[in-house]
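In what comes next, chain A is part of two complexes: it sits with chain B in the first one and with chain C in the second one.
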Partner chain A sequence: MTEMVCRCEDITKEDILKAIDQGYTTLDEIKHVLRCGMGPCQGRTCIPLITRVVARETGKSAAEVSRPTTRPPLQPLSLSLFAGDEE
Partner chain B sequence: MREKAEAVIIGGGVTGCGTAYSLAKKGLTDVVVLERGGLCTGASGRCGGGIRQQFTTEANIALAMESVRLFEQLSEELDTDIEYEQGGYLIIAYEDDVDQFRKNVRLQNSLGLHSRFITPAEAQEIVPLLNTDPIAGATFCQTDGHANPFRVVHGYARKAQEMGVEINKFTNVTDIVAVDGHIQAVRTDKGTVKTDTVVNAAGAHSRDIAAMVGVDLPNKPYRHEILVTEPLEHVLDPMVISFKTGIYFSQQKHGSIIGGIGDPEEPSSYNLSGSLRFLKRMARTMVELVPAFGHLNVLRQWAGLYDVTPDAQPILGWTEGVDRFCQANGYSGHGFMVAPKVTELVAELIVDGKPSMPIDDLTLSRFEGEITGEAYVVG
Partner chain C sequence: MRITEHPLLSFQRKRVIHFTFNGGPLEAYEGETIAAALHAAGIKVLSRSITYSRPRGFFCAIGKCASCMMNVNGVPNVKTCVTLVEEGMVVESQHKGVLKPFTGPKKSHISHMKTQVAVIGAGPAGLNAAVTAHAYGASVLVIDENPHAGGQLVKQTHKFFGSSRERAGTRGTEIAKILYREAESFVMLQAAVVGHYNDRGHRLVLVKDGTLAELEAEKVIVATGASENMLLFENNDLPGVYGAGAVQTLMNVYGIVPGNSVLMVGAGNVGLIVSYQLLQAGVKVVGVVEALPRIGGYHVHAAKVRRCGVPIYTSTSILKALGEEYVTGAVTVSLDKDWNHIPGTERKFDVDTICLAVGLSPSIEFFCQAGCRIAHIPELGGNTPVHSPAMETTVKGMYAAGDAAGIGEANTAMMEGKIAALSCVKALGLSTLETEKESKESYEELRLLRSGSFGERARQGKERVFAIMEELHE
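Let's look at the complex of A and B:
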C-alpha cells in the first residue's frame, strides 16, 4: 500500500525513498525535486513525516536532518491585502 | 573525491551542471564539479525560469535564440520533463516606451527573431485578464517561454554523472593554486583536486573565486525578490513583463503564478531575506495589470542574487593573465535562459580551443574599452 506523506502535492513515502536513493538527503533538496512542502499547507503536515523518513534512511537523528528553509508569509495571504496600502 | 581532473567546474547551478553535461557530451568526462551547497542553492534554484529572446544587443539575442533551439529538445535529451512551455513573452509598452520598442523589434527581426509590436487589444487577446487601461501596446514573441529550473539543473547533473563526471555537493572551494599564471589545483574543505583548467560558474560569488588567483571581476551582487501563489486553473500563457516597473510573472505548468519585481533602490549586497516592501510593490503592480489576481493567496516569497556586470551581459571565456581560467558568470539576471548555448560554447572553448560562435565581445577584457550595454534588464 502506498503511504501518502504530502497531500498537497501527492507525494508518497516511496517517492521520498526513491529521492533519497538518488542522493538527495537534505529536506531542501527533496523539496526541490519533489515539490513536497511547497503546497498550500506550507509543509506543516508533510515536513515532520519526511524528516522521520530521511532520519531513518540516513541514520541521522531527526534533529540532525536540516530543516527546509521556512519562507514567509507563514500562512497564505491574498495579494489584494498587500496591494492596498502605501509603502 | 577524485585527486585530479582535466577540468574543474566551480558551482552547481545551471551554468556549472550545464557545462559539465556539455563537456561530457563532447567526450571530456574527466571533470569534477564542486558545489558548496546542494545543487540549485544559488540563483538557479531561486529564479523565475523565464526564457526570452527579446533583447537589445546582438550578442544576447543570438545566445538566447540558440538556447531556445536547444531548450526545445532538452526534455528528450535529458530524459526528464523540464516543463518547457513556449507561451511567449508579452513585454508591456507604456507611452514613452513605444519608439524604442519598435526599434528593438526591428533589430530582433533583422536577426531572424519573430517578435512583433502589438496593440493593447491584441495584447488582451493573448492575456484576457489583462487591464489594458494603462498600457500603450506591447511586444510579443511566441517562441519565448519558461521551464522548470530544478528539472533542468538536476537533468544536466544526472546525465553528466551517467557519462562519468563527478559532482561533489557540500564541498566548498577555499583556494585555487596557480604558479606563474598556470593553475595547479583547486582546494576545498574536503580535499584538493589537481587540474590545469577551471570554470568559474559560481554565480554571484564568482568575484570571490576569481580573487583567489588575483583576477578582479567587475560583477556586483544585487538581491532580487520573488513570490509564488497558490495554484489555479490555467489562465495565463505568456510571461508578462515590464521594464518600466521591473515586474515579471508567469503561470507555471503546476498552476501557480510566480513573479518578481526589481527595486531601483536596492543596494548591492548579499542580503537574501524577504521584505514586506517587495510584497507590497509586487502586489500593487501585479494587481494593476491583472486585477483578478488580487484574490490569489501568496504561498511563499524568497530572494536570490543577480550577478550584475557593467553592461548587463555575461562574462565568458578565457582570462588574461591566468592560463585556462574560464569565466562563465555575470548573467545580470538572465543566466537561466542562455545556459544551454553558453555552456555549449564554454565546452567547445575548453575541448576544441574555439567556440562555434564568436564570444570575443563577451570576454573579461572588453571592460578595458568603451561599454555598450543591454538595455532590457528586467527587475
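Let's look at the complex of A and C:
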C-alpha cells in the first residue's frame, strides 16, 4: 500500500510514521533523515501533508508544527550554471 | 484527447510541430507545452520515480509540483509542463533518477539588471501591480516561469462575480488578455526567480534561457500564487490523479481533455466549477465526493452540476486509486461524524481521472527564503506571510499580493496587487495628487469584495494577519 507524501523523493506516509516513531518530530529533522522537501519541487507538495501527519501523531496543531528552513535555489538548476567553464 | 467542439471556447490551433518521445515520432501544435502535447497523444506516464520506479505524470501543470520532469534534447530535469514543444525536440523519460552524462551549455557571464519594482508572478495580482506601478512612472519588471502570462486567469472561463470595477461579468480568460496587453513590454516569461539576497537592497537571482541573471530592485512584490493541495490515499501518486487547476489548464488553455471519465474530489467552488467545465468539454463526471457533511461551494454552481445528472456525495472521501501505470478506477468510502471510514460503504467507480479540488496553499517559498515572518492562518490556506493592510511583509520593501498573501480569488488578488503597487509608489516618492485617492478607493473596493458571507473567512484571516503585524511593530 503506497500513500505517497513526497513524489520527488519517493517518501511514503509509512516512512514519515517510522521517522516520528524514532523521535524525529520536527519538519527539519524529518527532512534531514528522509530528504523529503529537498527534491526538485522543494516541498511544495509534501510540506502541507507532512505537517498534517506530524500534527496528528504528536497531538499538536498545524500552527505549532514549524516549517523547515528554505534555502536557495528555489527551483532546480543545472550545476553547469555555477561550475561550467566561463565562455 | 483534443477538444474539437466547445460551447464557450474555440481553439485556434497553430502550426503542426514534429517531435519525438522515447524515439517515436509525435505531432503537436505550436504553443502547447511538452506535457500537454504528450497528454493529447494519450501519454500520461512521463518518467519514473527515483527509488521505487513508480510511474510519474504531472499533477499541477503550472510548474510547481515538479512531477513532470523529463529529459529534453539531452538536458535532464526539464519541467515539461511549462516548456513549450519545439520542432525536432527529442523528449525522453527519466528512469529511476538515472541521469545520462550531460555536457551542458558553458557557464555564461551573469548579467545584471536594475529595476525599481520587481514583481514575481504574472497572474492577476502581479500584472495589476505592475500596470499600476508603471502608470506612476516606476520602472517595473515582472518575472514568471510559465510560457503564458495571466496566471490562473487564463483558464477561468466563467464570468466573474464581484462588485464592479474589477471587471465583474467578464470571463477570466478575457481579463488575462486585457491585463497582459497593458503589461506586455515589461513582462519576462519563462524565467524563474531562484533566490533572494538582501545585502545592498533586494537582489534577486533569475534563470532565463539557461543563464543566470542578477536583478537589483528597490521594491519587490511577491505574487507567486498558490499550490494545489494533495491528499493522502492509496496510489495517490498515479498519473491520472490531477489537481483541479491542472485539469482546467489542460482543457481551457490547450483544449485537451484529461480523460474520458472523472471522479471529482471536493465540492467547494473549484470542484463544482471544474466539474461543470468538464461536462462542457464532453467529459463524463461520475460524481463529486466531499468529506464535509455539506457542499462548500455556491448553491448556483452545485445546482448546475446536479441538473446535469452528476451526484454529489457528502461525508464521503476517496479511499484509493486503482491501476498499475495510471488510474483505471477509484474507490470511495463514507465517513462518520468523527471522520472515520464506515466499513462496508466502499463504492467503486470506473474512471481514468481523479481530480483533486481540496484547496490551495499559498506559495510562500520566496518569503521564507527572504526571512519574512510566516504565520499559520487556516482561513487563508495555512502558512501565510505576515503583512500589513498596505501589503508590506516583515521584510522592508517586500510586499505580498494575491493567493501568495493568503488564498482568496482573482478579484481580491487584483485589488491587493494594486494596493501593493500603490504602497511601492508612495515609498519610492512617485506619488501624485491622485495616489491617495486611488489608494483609498482600492481599500474600499477590497473591503466590498470581502463583505459578503463568502468573503467572511478571508476577512477573518486577514484581520488575524494584520493583528500579528501590529503586535510585531509594538
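One rule holds in what follows: the second predicted complex is superposed on the first by the 76 of 87 C-alpha atoms of A that agree within 3 Å, B and C clash if a C-alpha of one lies under 4 Å from a C-alpha of the other, contacts with A are read in each partner's own complex, and residues count from 1 in each chain.
Criterion: a contact is a pair of C-beta atoms (placed from the backbone, for glycine too) under 8 Å apart; a residue touches a chain by one contact, two chains touch by 3 or more.
Only a predicted model underlies this, so the values are computations on that prediction, with no experimental measurement involved.
Looking at the shared chain after the overlay, A:K13 reaches chain C, while chain B stays out of its contact range. Shared-chain residue A:V5: touches chain C; no touch with chain B.
Of the two partner chains, chain C is the only one touched by A:A62; chain B is not. In the superposition on chain A, A:H32 makes contact with chain B only, while chain C stays out of contact range.
In the superposition on chain A, contact is made by A:L49 with chain C only, not with chain B. Once chain A of one complex is fitted onto chain A of the other, the partner contacts of A:P40 extend to both chain B and chain C.
Measured by the number of chain A residues touched, the leading partner among chain B and chain C is C. With both structures placed on the common chain, the touch criterion links A:P76 to chain B and to chain C. Across the superposed pair, chain B and chain C both touch chain A at residues 39-40, 42, 69, 71-73, 76-83, 85, 87.
Taken together, the chain A residues at the contact with chain C in this complex read 1-5, 7-10, 13, 39-46, 48-49, 51-53, 61-63, 67, 69-87. Within the complex formed with chain A, the chain C residues making contact are 49-52, 54, 56, 59, 64-67, 69, 75, 77, 104-109, 145, 192-196, 205, 207, 210-212, 227, 229-230, 232-237, 361, 363, 365-366, 368-369, 374-376, 378, 382-383.
By the touch criterion given at the top, residues 24, 26, 28-29, 32-33, 35, 38-40, 42, 69, 71-73, 76-83, 85, 87 of chain A touch chain B in their complex.
The residues of chain B lying in touch with chain A in their complex are 38-40, 45, 150, 154, 228-230, 254, 274, 276-277, 279-284, 286-288, 293-302.
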